[in-house]
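Order of writing sets the chain letters: A, B, C, D, E and F. Residues in each chain are counted from 1.
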Amino acid sequence: MFVTKKMSFSAAHRLFNPKLSEEENREIYGKCSNPHGHGHFYTLEITVKGKIDERTGMIINIDDLEDVAKKEIIDKVDHKNLNLDVDFLKDTIPTMENLAKKFWEILKDKIPKGELYKIKIYESGNNYVIYKGD
Amino acid sequence: MFVTKKMSFSAAHRLFNPKLSEEENREIYGKCSNPHGHGHFYTLEITVKGKIDERTGMIINIDDLEDVAKKEIIDKVDHKNLNLDVDFLKDTIPTMENLAKKFWEILKDKIPKGELYKIKIYESGNNYVIYKGD
Amino acid sequence: MFVTKKMSFSAAHRLFNPKLSEEENREIYGKCSNPHGHGHFYTLEITVKGKIDERTGMIINIDDLEDVAKKEIIDKVDHKNLNLDVDFLKDTIPTMENLAKKFWEILKDKIPKGELYKIKIYESGNNYVIYKGD
Amino acid sequence: MFVTKKMSFSAAHRLFNPKLSEEENREIYGKCSNPHGHGHFYTLEITVKGKIDERTGMIINIDDLEDVAKKEIIDKVDHKNLNLDVDFLKDTIPTMENLAKKFWEILKDKIPKGELYKIKIYESGNNYVIYKGD
Amino acid sequence: MFVTKKMSFSAAHRLFNPKLSEEENREIYGKCSNPHGHGHFYTLEITVKGKIDERTGMIINIDDLEDVAKKEIIDKVDHKNLNLDVDFLKDTIPTMENLAKKFWEILKDKIPKGELYKIKIYESGNNYVIYKGD
Amino acid sequence: MFVTKKMSFSAAHRLFNPKLSEEENREIYGKCSNPHGHGHFYTLEITVKGKIDERTGMIINIDDLEDVAKKEIIDKVDHKNLNLDVDFLKDTIPTMENLAKKFWEILKDKIPKGELYKIKIYESGNNYVIYKGD
């Protein structure tokens, strides 16, 4: 049994690898490497796997899951610049893939009941990544 | 190969375990334990696994799947109070998790072709559960 | 210039006119008159008309609009039974139309800047009403 | 008869009025005034009013409308920083309201058939503005 | 007060004016003039204007509105070819604009309570027309 | 780690097995076997599985994935009749299931980085298939 909480946040980012030249960055990331950055409305889905607790009929109280995700992730990235404002993203190119991996690492030991199963991030309505750990 | 039918229903429910006190219920379920209940617009996805039938090019006629789900589930829960009006939910706390399990039990022997693979229930656009059997 | 805030709430209701017989109610409201009620996920859009304030570039700070709507409406109807739990709906059949009219009356003198222009309520993804005052 | 084209763009912005202090900006715009900016996925709807052309059965070829909007607006704001990268937004606080007004001014004389009737901008799924000219 | 019912249908069509040459059609309609046609998932919104009936709390029973629209429109266009299968579209180029006008003409005298106010047709998620009569 | 690109196309089709009689086709496919065909707005999701490339922070540049899918699939089916206009669907009943299988076969050796993991096709908002290869 799997339960999922969907949340969202707005953030700016620039895709840019400082070890590469301007030209290489432009070639890899196209308009996503524009110097002043651009923005996205991200959707984050956090899925927890577990058994139904007979007493509550729930795997986990989804409000508790939301509280953890809000405190550990959303409050740190919402209305921020992902290249400049977020401690745990320092030295990380803020692609969807890297966000998913970082969010997984942050959340995997903080789920109050059940275990973290999946992180899904939509960068737009048409692009998303899924990470289930290694 | 997997084929999925999405359907929806409106229902009222109250999250409340009669074996616990008012206070315990309030602590576990928060505003979801309000005495007079509240409502949701549920989305139900039923996924069937099977092989393509060469004659029809389909795993299962999705209208047949819809007919079964309508008869066995939707007609019994739509525009109903899940705590009071539904026989198969008697003595069950109507959480998303318990709904998914009950729907699975009801449907698993009634799929006309292929086999039931997954039940997904959205309680709102932001919360959902998935059940694939034990 | 018009600015709109969209919010949502879950509520149970029963469509029933106590001045009419069971049969008349059943005929008018169909399954919406089921005795134990049923539920909906409502979406509420509040539109304010005004001029751009040169100093802020905004008609109204949309967070202020949200605060008013949350306090005056959402907190009073979310996770409630609209027939039993809401003071301002006493003696009102809780149809979409009546909700729109009541919300309008409550909000029209409480908008901090600009003036209330439109109330839109979705009872489901497929049914909605719009009210702009008399 | 009205025809509408919906398009979208991703952009970063910071809400900040340089004539006001840091504190005043923080008070007015909240987290939207964070120094490094944040991002949005904007949806833009352009509505043209006109009569059906008997020869084509259309008011305007919606692809022509899209071409104009793409050239005049989308290409200039998509994947850009609205405070720094967009000529026509220099000296403008990039609120939804100001974007709507600027887009109107740019498009109103460039619609190939019919006349511009409405600009609608969603800054997120829950906030939008509408501008129909003065 | 306005109440709206949203419905949908799947149909094939080809945009083609038989009085024009192949080349002219290709120039006007582009890929929409492909000889074997193509398809759309249309969404239709029908808006009725009226007063709240004190007895029912409704302008019109939205199920009655749905019944009329289903009988007069949806049953005649769903899973059909709009160029070949629909009597009321004979000799009409099946653009969104012409559909809206035809649907208006069909429905305007058949609304059981209140009066027809608006027809909105989405040909895709990104293109729509609105018609309110002449 | 999985990355998904969502794209869409409009197409007409008729479900019909030429080896069966009119009556058998009508019985199997219902209104989907109407002689002149009907249409759909299809959504296609292509999921690629791979590891994060340290240099780019991405599994695959999602624009490269889009380019392949556009060239190999979308350009060949968009605004087409799936029974008559598409070479790789000759002698195939154009059900969702068969489309998924054909798209898989076409794409599986053409993914520039990582490997094809999943094809998901929505024929409408309420019906979809998933194929992950044999």
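Throughout what follows, a contact is a pair of C-beta atoms (placed from the backbone, for glycine too) under 8 Å apart; a residue touches a chain by one contact, two chains touch by 3 or more.
Quantities reported herein were computed from a predicted structural model and do not represent experimental measurements.
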Where subunit A and subunit F overlap in contact partners, by chain label: B
Between subunit C and its twin subunit D, rotation from the CA superposition, multiple of 5 degrees: 120
Interface numbering overlap (same over half, different under half) for subunit E and subunit F: same
Chain centre separation in whole Å, for subunit C relative to subunit B (CA means): 28
Approximate Å spacing (C-alpha centroids) for the pair subunit B, subunit E: 34
Set of subunit B residues in contact with two or more other chains: 125
Interchain contacts, given as pairs of chains that touch: A-B, A-D, A-F, B-C, B-F, C-D, C-E, D-E, E-F
Parts of subunit B lying in touch with subunit F, wherever the complex brings them together: 1-7, 47, 52, 55-59, 61-63
Complex interface listing, subunit E residues touching subunit D: 15, 17, 20, 28-30, 92-98, 100-101, 125-131
Residues on subunit A engaged by subunit D in the complex (per definition of touch): 10-13, 31-32, 34, 36-41, 78-81, 83-85, 124-125
